Amino acid sequence: MAGNPFPLSKAELLKAYRTMRTIREFEERLHVDFGRGDIPGFVHLYAGEEAAAAGIMIHLGDGDRIASTHRGHGHCIAKGVDVGEMMLEIYGKKGGSCNGKGGSMHIADLSKGMMGANGILGAGAPLVCGAALAAKYRKKGEVAISFVGDGASNQGTFLESLNLAAVWNLPAIFVVENNGYAESTSRDYGVAVDSYVDRAAGFGLPGITVDGTDFFAVYEAAGEIIRRAREGGGPSLLECKMVRFHGHFEGDAQTYRGPGELDDIRANHDCLKKFAAQVTAAGVISADELAPIDREALAVVEDAVARAKAAPLPTVADLTTDVYVSY
Amino acid sequence: MGEGPATIGIIANPVSARDIRRVVANASNLQIADRVNIVLRVLTAVHSLGVNRVLMMPDRGGIRAMLSRHLGRERNLHHQFPAVEFLDMEPISTVDDTFQAARLLQASGVAAIVVLGGDGTHRAVVRELMNGDTGIPIAGLSTGTNNAFPEMRESTLTGMAVALHATGMIAPEYALAPNKLIEVSINEGQRHDIALVDAVISHERHIGARALWKTESLHSLYLTFADPEAIGLSAIGGMLQPVGRRDPGGLAVHLADDGASAGVLLRAPIAPGMLRDVPIAHWEPMPAGQAFTVPLQGGVVALDGEREMPFDAGDRVRVTLRENAFSTVDVARCLHTAAHMGLLRHPSQPHRRHPSWQATRSP
Amino acid sequence: MSGITPIVMPKWGLSMQEGRVVEWLVEEGARIEVGMAILEVETDKIANAVEAADAGTLRRRVAAEGEVLPVKALLGVMAGSDVSDAEIDAYVAGYVTPVADEAGEEAAPATRFIEVDGLRIRYARRGTAEGTPVLLIHGYGGDLDNWLFNIDAIGERLPVIAFDLPGHGQSSVAVPGNDVAALAAFTGRLMEALEVGTAHLVGHSLGGAIACELALSQPGRVASLGLIASAGFGDEIDEGYTRGFATAQSKRDLKAVMEMLFADPAAVTRQMLDDVLKYKRLDGVGELLGRLCDGLFAGGRQQAQPGLRLAGCGKPVLAVWGREDRIVPAAHAERVPRPATVAVLDGAGHMVQMEKANEVNRLILKHVAG
Amino acid sequence: MARKISMKQAINEALDQEMARDPSVICMGEDIVGGAGGEGERDAWGGVLGVTKGLYAKHGDRLMDTPLSESAYIGAAIGAAACGMRPVAELMFIDFMGVCFDQIFNQAAKFKYMFGGKAETPVVIRAMVGAGFRAAAQHSQMLTPLFTHIPGIKVVCPSTPYDTKGLLIQAIRDNDPVIFCEHKNLYGFEGEVPEASYAIPFGEANVVRDGRDATVVAYGLMVHRALEAAASLAKEGIEIEIVDLRTLSPIDMDTVLDSVTKTGRLVCVDEANPRCSIAADVSAQVAMRAFGALKAGIEMVTPPHVPVPFSPPLEDLYIPSAAQVAAAVRKTLKGGRH
């Protein structure tokens, strides 16, 4: 095989694969540990959706901001948030990304441009308008990206933000991660016009729909959208049609799905399998080169879990820090 | 036909006109609401002319959900529609949905298939129909980005023409027209596909966001027809040497590596909102049945505007034009024939607002 | 109405418009000597005693305790025994608080600004037109209102000029330097700008050190030195005050610091704190005071002691301390080179010119009269 | 010196000076410039009551008119704050908070704590508060208790032009989100304000009147009602001490407790509805922490627990009056254990 047919170097391809594989291992491990009762609270897993996070975030630097959703682990990892600190946070331990005060739904690391997973659906969109406004004042070509699910795209905040971003011509990008379900409710029921490109069009924004399980489709579309925003072309919307391997939250039996749906998703729409097939078929990366990454990702996650389990819990002294306390 | 209920199929692609050309070239986006309205107008038209059953492709892109809501409202208002049934399939929001729908429609024996989409959607339907060899005609409605193949026409009129054919009011020899296509074969049929308008060879070797719009990557174009009024990569041929939809043969265009080595530098509308200078090396007629071997070591074949078939050095890529490959409903001829024959004239029936038309065999 | 002497509401400072009668200290019919405290009056800034300017008998308390009255309102009547009660009744009934007089006085703004070396300096001119002027120099963190009980009293005899040092009061928030020499040099240039050739310098605390330094470096500008709780006579100074004043943010913190200035902490009123806070909150003041504190009082020690070099300077020197001075020890009075008039007053702290205003005013007037 | 300006001018001056001092300060809001996109005058309004008039000429595009889209632009202000800007967003009327409340109480208020102290959200949201404008139930509320309930938000409600300028400057420099409540009936109120820039620290109540007989705690317009009451009570020989809270979060309970310890009696005056109000909060704190000092029951003077009515006589009845404050003081003086 002569040459690399992809628009990324081999090293970049390996990095993208590592990102996706790390997310997958992280989420699958949480699925198991949550089931065992090791993890407090709610977790919402990103497994199955990795190609979107990886395909978009590979274009970004720390100065570019993202605001995530309740299903934010994948965005965090792809944006460069430390996996060990994330695991500590999810276990509610000291030293976590938020010192145990945020948990799964609120992991943030502003030094990495990660403005937080968000427990309020649709809340990230206005924040991203602000981040994009700040970027516009800074004039360094930074962009800001709001992730939103198909369900939360019905929130007024999201729709208002499309308008605000358009009228202020902000370097803001709205990524709709359309996995077909708002919690248990199908988009067929909950979305009057099940096209996010149409919603963008209603505000005069260009929109693209891509197969969110295809890393390369996401990569190329996101690249164009981000370049456009960096150069002053203003906001756009990217709809990634994708699949969710797990339930809305852990513990969700997913009885709302059709028969065989989950098996089909895992068999035929696994973005990691697709990626591996594409790069091996092209002869750029061999299966032998991917295997060590799989092992390393697993090791990273296992190490993070071990450290998280061993880490100290916050104490009463932590209860009243990081906020001013009146009387 | 003409005996029993006349049935047609509709395949409406919810995600055509959604690709990256919205961002890079201000291409239009036809909203789901508009696509649903187009379908509703087709339904009204075919019902008025005697089609009382329509089979539709289900989708997860919003058309089925909105259409179902709208049909409910229309029925509340006592508007008349044919029975609309969604095919028994689980949509997965890829081109496979179109393949499966075409397969099911073919099996159900519909008289014609109305297709809403661009060149890519029509290609997918035809590809599947080619496997079945039933000769079911299609009628295209432009709802895509590049719409060289489907004609720009009000959907009501297309629906009328389809009904005139489906009910047998106009015989197939008058109602239908033959079409060319291009077959692409890699390694003697190991991989095989078709194009309705253009098979374009690009140096790019990955599929990515599918749409092809970077002219510097183009190697050669194989065209079934080349219309100066068309948009898309076939416009390159259209501006060099027009070849009609119904003319015999096609056109092969070979691009130069750069402007310096080009015989001609041609400015062509290669996508909506995008004119580019394309360096042309030479072009030649493409007689039917003659295989052209692509002299490129590794690249991708884009079919009707979308990257589909990557190939490596050593892969043997051959391109062949086929004539009379499949049928389309000739809307213009149907409507002119109907006018000429007075098919839509009928005695005044004040007590019936919605006459149910009896199929009338045409001369 | 010969023989009737009115006791009126005094005007203490530039902004006083009214005062509240706190307490009468003398019974009707009692004999009053010059300088005797007759009654206590409180303004929004400070409480003080109204002292007798003339001798006589208190015949009538006109103002009731607790009453708020404008400046120059009639508070009481002194008269000899030859004056009848009816005459006093008639006098009280006919007394009109002279607002017109006040309006005339206020027609010119109480303070003005002058630019010196690019700094905007607030100053006030009071007193008579003729004579060698008295220049009042306040201390670290103070302003010209520190002289509110003194400026008009001294002004009865001589022209008086008070000003806000650079970085203080309403002058620009900047200083020509963080040491006594720079501030003295600046004061000399201010005198030049104000066209004051020679003046009696009266300085309080840091202002005293500035006056000493000016007397040594530019003796031609100085007629005499009046040094009130003066810095410059040793290295001791209370760092808790100097640092605390610079850093205090809240009214609560500031109150504790300000109370160190007075023998009687109750002298620190809410209004006084508010005024100081208004100054301290201005952008840059906190940092400026910090730098000034670092320069003047590094390590909690006075860095310059020009007072100790006054011997043989040939200028008449008056030095006054409050015995309970907690900032600059009253013991420094002993270090003032003789010949000099030295007084240490009981019942007063560092702000002796406020707490014992009448005594300090008498000492100054006697001193400048030569 | 001794320059007198209105509260409205004080706000304008604070914004002007902070924008000049710090390039990261930006202002946004509906019609804060006015006339955007039209063919008429730019800076047509300078805010619905002209508070920001003239700033556009000096600071240009750092003042941004927004669409009528409170969730989006308040959220954007918060997002920009989290990314290094110091936005001052004007919400016109605090009553509009309902449409963007999530952005304030779930986002801005929480970031610092929820992200383990690693995020700052230095945003100021200015809004008009208070009744008396014949603006009825949706443009007249005193919603301060809604915000004091939420940890992480600072809440300011000044009563004088001097305080307004210093507190607004502090609000802009503060690293926490601040709800800055401007009483619309005080916009025209004049007072001495230094021309230079200054900041008044949060959490420091101001004793605006000394008195020995009873403590009256108030904020905003109610401080002036308390002062009116004080003047009439003084004629009866009753001297009340008035504590202007100035900032409601953080709240300076120490000053309140000091005063109550001195006077032994407390009247809380609040323009907010009585349930769970600032008055109720202060009363509870004093009862809890200074019960021994109290010589009589605590009195609250608030509107009735009804929406703000429109008809002028009804609205006048709604707003606590000086007479009501004086009556409450007399009542607490009559009652008592000593």
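Note that the chains are named A, B, C and D in the order they appear, and that numbering of residues resets to 1 at the start of each chain.
Heads up, the rule we're going with is that a residue touches a chain if its C-beta (ideal position, glycine included) is under 8 Å from a C-beta of that chain, and two chains touch if they have at least 3 such contacts.
Just so you know, these numbers come straight off a predicted model, no measurement behind them.
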Pieces of the assembly without subunit D, by contact: A, B | C
item: Pair exhibiting more inter-chain C-beta contacts, A-D or C-D; value: A-D
item: Greatest separation from subunit C - chain, by CA centre; value: B
item: Chain closest to the middle, measuring from C-alpha centroids that were averaged per chain; value: D
item: Cα-centroid distance, subunit C relative to subunit D, in whole angstrom; value: 38
item: Inter-chain centre distance, subunit B versus subunit D - centres from mean C-alpha coordinates, in Å; value: 65
item: Separation of subunit B from subunit C, taking each centre as the mean of its C-alpha atoms, in whole Å; value: 98
item: Topology of the chain contact graph, where touching chains are joined (line, ring, star, complete, other); value: line
item: Interchain pairs in contact, sorted by label; value: A-B, A-D, C-D
item: Residue ranges of subunit A in contact with subunit B within the complex; value: 1-3, 5-7, 180, 187-189, 191-195, 197-198, 201, 206-211, 214, 216-217, 219-221, 224-225, 228, 236, 239, 241, 258, 260-261, 264, 268-269, 278, 282-283
item: In the complex, subunit D residues that touch subunit C; value: 1, 21, 162, 166, 194, 196-201, 204, 206-207, 210, 254-255
item: Sites on subunit A touched by subunit D in the complex; value: 65, 67, 96-102, 106, 108-111, 115-116, 118-120, 123, 125-131, 133-135, 137-138, 144, 156-157, 160-161, 163-164, 167-168, 321-327
item: In the complex with subunit A, residue positions of subunit B that touch it; value: 14-15, 18-20, 22-24, 26, 29, 31-33, 60-62, 64-66, 90, 92-94, 204-210, 297-298, 300, 310, 312-313
item: Interfacial residue positions of subunit C with respect to subunit D in the complex; value: 111, 122, 170, 173, 249-252, 270, 274, 278, 281-283
